[in-house]
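In the part that follows, the structures are each spelled out as structure tokens.
In what comes next, chain A is part of two complexes: it sits with chain B in the first one and with chain C in the second one.
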Partner chain A sequence: MTQQVSPQAFALRGVSKAFRYFKLENLSLELPLGQILGLVGPNGAGKSTTIRLLMGLMTAETGSIEVLGHRVPEQVAAAKAGVAFVSDDMRLFSGATLAWHMRFVASIYPEWDEAYARTLLKHFNLRAEQGVKGLSRGEHIKSMLLLALARRPRLLILDEPTSGLDPVARHELLTELMQIVRDESRSILFSSHNTLDVERICDQIAFIDRGRLVDARDKESFLDRWRRISLDVPSGVTLPRLKDVVNLTLGEQLATLTTDRYEPALDAVLQASGARITDVQRMSLEEIFVASVMRSRAEVQS
Partner chain B sequence: MKSSVFWALVRKDIYVLRGFMIITVAVGLAALVGMRFGRIGFAIGGILFLTANVAGGIFIAMYSLLTERKEQSNLFALSLPISGFKYDLAKLVSGYVGYGIPWSVLTAIGLAGYFMPYAAADRGMFVYGLVLQLFVMALFSFVLVWLFVVASEVLAGLVILISNICFSLFMVTLNQPEVTRPLHSPHIVWTPFALWAIAGELAVIALSTALALFALSRRRDHLRSL
Partner chain C sequence: MHSAFVISQTDPRPLYQQVKDQLRHRIAVGALKPGDEIPSIRQLASDIRVSVITIKRAYLELELEGVIQTRQGRGSFVADNAQLGDSLKEQELTQHLRSALSAAALLHLTEDQLVERLRELRREDSQGRS
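Then we have the complex of A and B:
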């Protein structure tokens, strides 16, 4: 099966999908090859729907989807030949062992790496002969990850993969993922509401909420642009109206200002108004995510 | 691709269903043996043979489709390089193969019994056996197809309930004296009832399969849960 060369691991353009109580609206999102994209959103935001559309499990009502140079759903089988997908709510066949699943997946994928599979088996402390029914939740997820990783996919799609894992297994998985993308032709879409995991491994980040893409850019520019500024505002001083202020909390004399376009020049503008800057803090990804979502919801309501 | 994903999924289903297939054949064969031990043995064996056939079909259809949806292992299968339509088609094929093998074994051995010397006086009942076995296959097709189409546990239960009612009604009809009397003969007689019944059963099998293919070809979202 020949695969077309595409600069993107995937591209969604203007994709919409409506359900009875939920609508994914006009979603456009791309992942360049060799990058890890963190898709972050609260429960019910549309992360799993986005992934299911990418995997051709559902059909979009509008827009276009391309995965590894193949149109989805028209060429979904060819697209999925280079994709491995693991989801929190996915299960293996209960009547079989992990060894059976390994043979099953190996029979389908020419890229199956048996030596790597054996390494992962040890690494994840799994027993190949164990029946799937007897696996714990964490072991089940690790088994699915083994089956996904050992087929050496060009695009790895992980939907909440760390949710059932203990901290050690989570650390092992994230380290493994970072190893995978050392090969620049491999890409990962990592969906999670755990911003710590996303901040640790992702190059690109997309926030999604209530079926809408809130923001998407590379991680560094997220972290560089967002600041929380604490101000001492003497009485009689009025803060200037700034367009890039996401949130402003005013106390009696203290104010906290959150901006998503921080530049040192902003300090000068604030100080010129008579306010005194007491602290300028970088924000964590979680704080940025919450602030972005709250702003997006306010914009939608207004 | 090293091997066809379609056939890998069919083989997987046969592997998963092997227990039901073996039990269906074993119980059916034991029932056929039991039917040779007098009137009581014939009655008990006959009931057991029908139960193995009908229940085997329902278990195979349910386990093949509903368990995979319920356990969400269909998400794993759909992550493989196969289109949603072909995945559904693989389920349909494996359902027919998974039930077709034990059904064929039991039908062939059961009907072969009418050609044994000890059954010479009632050889005409071969037609009765054929009508009955084809009805069982038609019933399986009906259940399999509707389990494909419905998306709730309640509706799945309703399909099985309807199939049980159909089976009871059919048995009452088939065992009417005017239907069975001409068949109690040393010669095979194709009565009009038998011919119409066989035609109807083959039509149900064909229509069920066609309906399944039509429904699958129109399906846009292949991830069904139950």
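Then we have the complex of A and C:
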């Protein structure tokens, strides 16, 4: 891998961690400062394990981890001063109010922004005086997001942040996330299986499945490389053998070809064979994700 | 001016293309004039909730096409070219004609048939108005 000159929000290099039924294998992943990385994978793919390793909540068996320039787990306290983390399975103290939590977090983190916290209360439609016990699931998640955002972290890590939110709250959250990266030195790691959110706001995308990194690159080249090509194939015409074909479906005089290395020259190659291109479609991130995972699983099995 | 940007995830055009098309259109109709400042990449990204890398790509391509100029440390501006609005209108027309050509190819229309269809449409439109 080439050495990046730009500073990183975090870098995982050759990280492995084995459990009884699951193994994270040789994972290398970086996030440049000022960018949003979408970590996309099915349930049980290793998203939460990756995040726990970054947070120093568990220790890798091999490889190295750096967060905001600090080695983890050795310098995890220094790293964590700049990191805020919200996960779906975290819980606030049920005997206290949101206001109590706000005072508590403010007393620990000097960067706490009280004015911003008040604004977020309004945007998220929350009441500070409300007891945690009476919060709905969505309100609970919004409260944790408020506590994380108002710390003005250098790196914000969100594990499935939008899964418990209604569409209005999701809209508000995405707006707040985009506010964060107005500042070129702040970064966000965002694990999700909502590919629509990821496709919209992420700069970098990483696909992970069964503990392996399937693909990682910037979003624009991700979306640019994939195409689905529909073809009329008159009888007697044989399609040329092409590499980089992820999927080929042949029907009666019709074919659909999926590639992850599209370039316009491919059109000419196909047409020269006697086939006629009827459509060249870009693919959504969701379609690309499913195709990537299916291919990766087939490769592992063969 | 960017509050009126409409970015849709159900539009078949990629996001960066939608951003480009809308900026070009604003210039073509004169809502943005040569020399006008346009929002910074991060400002626009946050206002329309689209990733920074997507806006960066749109701006880079518009710059290569001579539509905007980015001055280091001073921001991005509509290119100082009085004919820019007209030339963008020209390009929009070319774009539409190109897609008409490829649709006609799918129907196996000859060039003359396509031109005749265009004339027919124009007649219908002028009758509709009178």
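By definition in this document, the second predicted complex is superposed on the first by the 296 of 302 C-alpha atoms of A that agree within 3 Å, B and C clash if a C-alpha of one lies under 4 Å from a C-alpha of the other, contacts with A are read in each partner's own complex, and residues count from 1 in each chain.
What we mean here is this: a residue touches a chain if its C-beta (ideal position, glycine included) is under 8 Å from a C-beta of that chain, and two chains touch if they have at least 3 such contacts.
Keep in mind the model is a prediction, meaning the values are calculated, not measured.
Q: Clash or fit: what happens to chain B and chain C when chain A is overlaid?
A: The answer is fit.
Q: Taking the superposition on A as described, I'd like to know which of chain B and chain C A:Val300 touches: first, second, both or neither.
A: In the superposed model, A:Val300 contacts neither chain B nor chain C.
Q: Looking only at chain A, is it chain B or chain C that touches more of its residues?
A: Larger number of chain A residues touched: B.
Q: Could you look at A:Leu250 and tell me whether it touches chain B, chain C, both or neither (first, second, both, neither)?
A: neither
Q: Quick one: classify A:Val168 as touching chain B (first), chain C (second), both or neither.
A: Touch partners of A:Val168: none, neither chain B nor chain C.
Q: Touching A:Gln35, do we find chain B (first), chain C (second), both, or neither?
A: Only chain C is touched by A:Gln35; chain B is not.
Q: Check the residue A:Val269 against both partner chains and state whether it touches chain B (first), chain C (second), both, or neither.
A: Neither partner.
Q: Considering only the touch criterion stated at the top, classify A:Pro110 as touching first (chain B), second (chain C), both, or neither.
A: first
Q: Return first, second, both or neither, reflecting whether A:Met178 touches chain B, chain C, both chains, or no partner chain.
A: second
Q: Treating the CA centre of chain A as the corner point, state the angle out to chain B and chain C, nearest 10°.
A: Here the answer is 150 degrees.
Q: Report for A:Ala18: first if it touches chain B alone, second if chain C alone, otherwise both or neither.
A: neither
Q: After the two structures are laid over each other on chain A, how near do the C-alpha atoms of chain B and chain C get, in Å?
A: Between chain B and chain C, the shortest C-alpha distance works out to 26 Å.
Q: Which chain A residues contact chain B in one complex and chain C in the other?
A: none
Q: Considering only the defined contacts, which chain C positions touch chain A in the complex?
A: The contact residues of chain C facing chain A are 9, 12, 14-16, 42-43, 45-46, 49-54, 57, 106.
Q: Which residues of chain A touch chain B in the complex?
A: That would be residues 1, 52, 55-59, 73, 76-78, 80-81, 83-87, 89-96, 100, 104, 106-110, 112, 144 of chain A.
Q: Within their complex, state which residues of chain A touch chain C.
A: 34-36, 174-175, 178-179, 181-182, 184, 196, 199-204, 218-220, 223, 278, 282
Q: Provide the residue numbers of chain B that touch chain A in the complex, in ascending order.
A: So the residues of chain B touching chain A come out as 1-3, 5, 8, 12, 15-16, 19, 67-68, 71-73, 75-76, 78-84, 86, 220-223.
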